[in-house]
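Pasting a structure here, questions to come.
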Amino acid sequence: MAHEPNIPLLPTCFIGCETPLAESRIVLFGAPFDGTVTFRPGSRFGPAQMRPDSYGLEAYSPYQDADLEDAAVHDAGDLDLPFGRVERALAEIGAFSKRVVEAGRQPLMLGGEHLVTLPALKAVHAKHPDLCVLHFDAHTDLRADYLGEPLSHATVLRRVWDELGDGRIFQFGIRSGLREEFEWAKTHTHLHPFDLDGLDTALDAIGSRPVYVTIDLDVLDPSVFPGTGTPEPGGVTFRELLAALCKLRRLRIAGGDVVELAPHYDASGVSTAVACKVVRELAVAMSARESQQEKPGRF
Amino acid sequence: MAHEPNIPLLPTCFIGCETPLAESRIVLFGAPFDGTVTFRPGSRFGPAQMRPDSYGLEAYSPYQDADLEDAAVHDAGDLDLPFGRVERALAEIGAFSKRVVEAGRQPLMLGGEHLVTLPALKAVHAKHPDLCVLHFDAHTDLRADYLGEPLSHATVLRRVWDELGDGRIFQFGIRSGLREEFEWAKTHTHLHPFDLDGLDTALDAIGSRPVYVTIDLDVLDPSVFPGTGTPEPGGVTFRELLAALCKLRRLRIAGGDVVELAPHYDASGVSTAVACKVVRELAVAMSARESQQEKPGRF
Amino acid sequence: MAHEPNIPLLPTCFIGCETPLAESRIVLFGAPFDGTVTFRPGSRFGPAQMRPDSYGLEAYSPYQDADLEDAAVHDAGDLDLPFGRVERALAEIGAFSKRVVEAGRQPLMLGGEHLVTLPALKAVHAKHPDLCVLHFDAHTDLRADYLGEPLSHATVLRRVWDELGDGRIFQFGIRSGLREEFEWAKTHTHLHPFDLDGLDTALDAIGSRPVYVTIDLDVLDPSVFPGTGTPEPGGVTFRELLAALCKLRRLRIAGGDVVELAPHYDASGVSTAVACKVVRELAVAMSARESQQEKPGRF
Amino acid sequence: MAHEPNIPLLPTCFIGCETPLAESRIVLFGAPFDGTVTFRPGSRFGPAQMRPDSYGLEAYSPYQDADLEDAAVHDAGDLDLPFGRVERALAEIGAFSKRVVEAGRQPLMLGGEHLVTLPALKAVHAKHPDLCVLHFDAHTDLRADYLGEPLSHATVLRRVWDELGDGRIFQFGIRSGLREEFEWAKTHTHLHPFDLDGLDTALDAIGSRPVYVTIDLDVLDPSVFPGTGTPEPGGVTFRELLAALCKLRRLRIAGGDVVELAPHYDASGVSTAVACKVVRELAVAMSARESQQEKPGRF
Amino acid sequence: MAHEPNIPLLPTCFIGCETPLAESRIVLFGAPFDGTVTFRPGSRFGPAQMRPDSYGLEAYSPYQDADLEDAAVHDAGDLDLPFGRVERALAEIGAFSKRVVEAGRQPLMLGGEHLVTLPALKAVHAKHPDLCVLHFDAHTDLRADYLGEPLSHATVLRRVWDELGDGRIFQFGIRSGLREEFEWAKTHTHLHPFDLDGLDTALDAIGSRPVYVTIDLDVLDPSVFPGTGTPEPGGVTFRELLAALCKLRRLRIAGGDVVELAPHYDASGVSTAVACKVVRELAVAMSARESQQEKPGRF
Amino acid sequence: MAHEPNIPLLPTCFIGCETPLAESRIVLFGAPFDGTVTFRPGSRFGPAQMRPDSYGLEAYSPYQDADLEDAAVHDAGDLDLPFGRVERALAEIGAFSKRVVEAGRQPLMLGGEHLVTLPALKAVHAKHPDLCVLHFDAHTDLRADYLGEPLSHATVLRRVWDELGDGRIFQFGIRSGLREEFEWAKTHTHLHPFDLDGLDTALDAIGSRPVYVTIDLDVLDPSVFPGTGTPEPGGVTFRELLAALCKLRRLRIAGGDVVELAPHYDASGVSTAVACKVVRELAVAMSARESQQEKPGRF
């Protein structure tokens, strides 16, 4: 009954992501987990809020002159993750990501807190040993541990470094951290403080290597993105981030994520609109020819 | 991929309403339309907000000692209705409702503004010529027209009367309207002002006739249901409405709706929780044996 | 241009209060002052919020079977009161009230904090030496001074007592205060704690004497009236207050006020709807024959 | 009574717009209609919210070194428009605008959704056949129809084009639309995407022709204007729009509007303050000598 | 400098709880932990919000005719608990509670989610082997495990039963749970569904045995307590809970807690006011002679 | 008990300001007063909100490469100020500030409305006769009086001028005021309208003279700082203010304040985060060698 064509029903997926799984090249999914957040939780509500609000945008990007409907994205829904059991939640994200990667598709994950990046990135790394990471964030996320805990939103990039080693992580917009973290970064990552200066050089350095793009939305100034757990004033403008996203078309993006939308802290809906537009632009960039050199396989 | 059993995904339907269409007896669907609202719009957002928030409840009702999972409800999603075109929106609701009714199932509609009741009720009436209406509301909704307009949230019960005639409409909780409406009701409907007194008598009067139950949630006091376009202080308590709902098990309910949740006006989420609990109790009551004397057909 | 009949403009006064000043018997006005509030300010915004929101109600009261449009109320707008200068603000309220009273009309004031009652009541008392006060509130408001200050929202009824003396103040719903205030009240006012029990007896005791009715809306439980500076759980329900208001028809009400709506604390709008409905019911009760034994004069 | 000089009342009009109708050159009025909005309604509340909040500003503009009190603006209040009846609402706006124009005054309308521009612009066009349009917006608004409906907030500039034809519409800040709209604009309007680049050239091109200025406030970045139905990240900053407004002094502005404030989505009040400041600057620019070459007539 | 008496500073403790630790009989402290919450987190913010808002109340309770200042309460502040590490957080709560109990004082804990009850209760039980539990809640909290996890807000009373065994737990207000939980309770706890009926009998049954009182504030109807993670309509009124609290004076209360305030979900502040008033009444009841039969020791 | 090291308690002071009074060089304190505010009150809640939210930041400033923990700041808490008694409140602020100054420490005050600057500045001036003022604000604050009242948030810089005379006040970011104020400033203060242009020149002009820095946070654009009583669009960006703050290290700062955060108007918490970061940067700048040429004395 619900499938008869002449009584239309509202879609429930992200706008422009109605490609069936078998025909898709990018698999979008949500990882609604915020269990290690110390300050203000709520990013668990991010993915569910994005889908209906994405219809306030158009699928067409005038910036990239490309349409999300042409990007072959399948929206797989949200994982059902257990709270209070960090390792198990990460394991489920990792298993799902692994399957996407092994089927020759690009995972595009909606957080959740930043720790969810770790298992997704590991799954991509397993396939792409020469993987680099492009990291947009307000915070260093480079602590060795947080109150003795190695797995935390405040340590996630350090754990990524454990995986990838020196010189493979390119960080932008960083403006908050311990003095020790800034010091440590000098010899281990390419940390660009405060803004996006140096991006072109970094993209050149990455070159044709596969890259995982992780966007902690708090890289944006809280004026345009107040809906996040730890707002850090002094971030980049939306236009600045947008210009950066358009440049990513030339990269070979093996996977990516957009994390740390906590929509309850912004009743205006603007933060969710921002998150959706970032997802659209990232997905469109991921669908550019450079990223998709491989023929996707069967599931 | 998304269907593999060992990586669970979050459900997107109303809690406990996962029965496939073919096996269902009740079809739940949303009618997100608020185009004739004069004061504060926003009930268009009601159905989409209810689904995720329904998981804050349990499927089991300790009041009726019955579980929504046993009620054979299929959640069909939300209709895609055009704004600014009242007649066309109503036509789509009517067509969908007709199909549900003709397939031998009970429609359970989530509003939207109260005007959406009209086409759904007409569809039920077409099958059940002796249909009665049980109406819970703060407002009379009995105007002949509103600023010259016959189709309006303020006229919907008058339009229902056009359909059914005298003595078939039982109204409860009514505490706002024009003096003329209260006068008119004296000879045309069974209007019980202010509260639910007289419900037992009304249920007896309805007897075994088929009944359409329409619940405008603003019948509740705005203390527990602030999230509505036109809050009217002095309503019934949640417990009073709950007790009434439990009594409906003895009726033969041919269809029903729950309308006028405008969730943006209640950031606490309580109004949505209230709406979900009313839906659960109504669905469970509709699934009692008395309502389901017919074997559902094929679609 | 704006007055041509065939292009209607939205009214800006309180619903049903369009009676011209010369023909009015009740003069409604706002006193948007909250300068002595110690905890949470904001009642200064009460009157301005009430007017547009009053159109969410009807002018007709089914409880009293009477219409506000028949109550001969003129809405005079809001006084422009200086902040940080308590005495001068009170003087302006007093001057305005005096003029209303001397013209043979009943003042009906919208607060503002409770201290605004003092000058209005004094103006009424100047004309009616045998004036009683009927006081609904959560708080005693009987301190001799507050941190050394005699003029405060926390002392206003004590100042009224300075004016009227023992036995003329009837207090209902009181559930917060110092132990000393409750003690003091035993010999000076008729204080009914917690609820409205004893109202009938009080109305009998007042008899045909003129009475000033002051309603601090926080007498209501904060479930239905959260929009106030000092919410005090455990108050009366809206229905209980409504029943009390209907009984006031038998009194000879010389003036009244409705105070302490701070609308910013309740984004749902329910508190404002509650305030408007209380104003409507009080105005309708004030327009009953018993209150209006005098022919109003000229201005 | 209310008119005695020594008891001041708070004004109810927009700040600095107390010029009597007969002496005015600009007539400000509200068109609180949002009936065709598909995503998030609420611009119907814009005009009523602006008036009291305008007093958070000063009437004096240090940018233009001019005072709104010298601009001869009369605030006529808000039209009473029917919901659910698009054509009738537009007809009333048109009739009111026509009267303003025919009396030799400039209409300055506060929306409401963007569709309200159409009848006001038509009224101005009837007097000024060589009218141009200066359009600030995030969205193209150039669809031929929206879900089959020709009258919609998403089609309004296309309907304006039906009226004016090619080359008369100058669009700025556009960053959202269908690919087809951007294509269509290339041969029919002067569409400047993303920002205000090219404004000086456009002002030169308009020259001394009469111009209608329509400002959809969502041209602003949602960081500073979250209170709108369809926030679109990546807009112009307030300073950029302000600089543009100051340049309009050299134009001959025959009428204008400021639309799409939906204040409920921004509880901070900033969006309303922004809207008020835009209105002030536009009104002051409209009052510059270039705009007012005609002596206003009688009403 | 800050201690000079003639320049007063605002207190930072809960109102009326300024008794020095050495002279105290009750030790109030916060356990801001919500790490196992599955639906909506935020109770971690409860204790910090309560302290400043407690000054909207008075220290005097007219219901019990007793003053919190006479109850010898010391406010020790909030524990610093790690997120994402359930066992360690519970261990810290347990250690702190143990010290309070061993020093002969009554712990009064502010949650946090309900799971924090477990370690505090265990500490009290270690001293009082015949301990009973009086439990107010909307939810059964009797699951054996939650998604395989034994330590959860949804299992806490089951874990308490593991500690105390059959017949020692008295539950009131319960209106949500699995059918299995209601069944299980029949033979293991004294579960009173829906309301507080049967409280007097339960108090008699407890008699002079020491009792731990745990109040999950969602036992209240969400009309008066919307600020909680899982609002469940149909709860008890504030007056009903208040009446129950006054009856507790006759018990011998060895410890207690008030949990599940999530203040961000109620911007009005009412939920926090409710929580504070419950804390005040519970503390005053705990200070009644029956509870304090022991002389407190040294720390 | 609360002091045992192995059960950590949450701090209650501003992050990084745990230096004991005796060892401090800067004394941070709150002046929660907003009694003369005419438009929207609420800055009284600023200091109490800042302390817990400051833990969303780090103590380390990567901009100045300095840590607040090294700045020797003691957080003394908030003054208890009477509402409705302007002079007395100012006297208490003055007395406290005097004691700080006389003990050879720098006061760093958190407002409250801007009028609180006056007594603090006077106390600093008493010790430093050649004091200059560096003033960041959206508003001139130069009225001779406000509705006849000399002490007001709208007159505070004029009162400062009464104290210091011509040429000692450097104003930046000013974009709102009466035409008369802008005129008056031309001959009495160094007023830089709209932005921070000219700051370097001003810092040179101040040179080694002691300076009081007063930051009305509404100098920031309301996009990033909506939480204030009188938002004025068109302000400076956070980055612009931050760059200015970093330059202050070369000054000899004798005292300072950060005022006009009204946190209730920004539920997202961003405004409070902004205020905290400004406080951190100002405190760090105040602790640079240039500011601290004096050895602090005893209290």
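Per-chain numbering from 1; labels A, B, C, D, E and F assigned in written order.
Keep in mind that, in the parts below, a contact is a pair of C-beta atoms (placed from the backbone, for glycine too) under 8 Å apart; a residue touches a chain by one contact, two chains touch by 3 or more.
Note that the structure is a prediction, hence the values are computed from the model and not measured.
A.B. asks: Among the remaining chains, which ones contact both chain A and chain F?
C.D. replies: D, E
A.B. asks: Please identify the chain with the largest separation between its CA centroid and the CA centroid of chain C.
C.D. replies: A
A.B. asks: Rounded to a whole Å, what is the gap between the Cα centroids of chain B and chain E?
C.D. replies: Distance between chain centres, rounded to whole Å: 39 Å.
A.B. asks: Could you please state the distance in Å, as a whole number, between where the Cα atoms of chain A are centred and where those of chain C are centred?
C.D. replies: 56
A.B. asks: Listing for chain B: what residues touch at least two other chains?
C.D. replies: Expected reply: 221, 223-224, 266-267.
A.B. asks: Run through the chains and report each pair that touches.
C.D. replies: A-B, A-D, A-E, A-F, B-C, B-D, B-E, C-D, C-E, C-F, D-F, E-F
A.B. asks: How about chain E: which of its residues touch chain B in the complex?
C.D. replies: Within the complex, chain E contacts chain B at residues 39-40, 174-179, 182, 193-194, 221-224, 226-227, 230-234, 265-267.
A.B. asks: In the complex of these two chains, what residues of chain A are touching chain E?
C.D. replies: 34-38, 41-42, 44, 82-86, 147-149, 151-152, 264
A.B. asks: What residues of chain D sit close enough to touch chain F in their complex?
C.D. replies: Chain D residues touching chain F: 55-58, 60, 62-63, 65, 67, 221, 223-224, 237-239, 242, 266-270, 273-274, 277.
A.B. asks: Sort out for me which residues of chain A touch chain B in the complex.
C.D. replies: Interface residues on the chain A side: 1-2, 4, 6-10, 12, 21, 27, 30, 32, 48, 52, 76-80, 92, 95-96, 99-100, 103, 267, 299.
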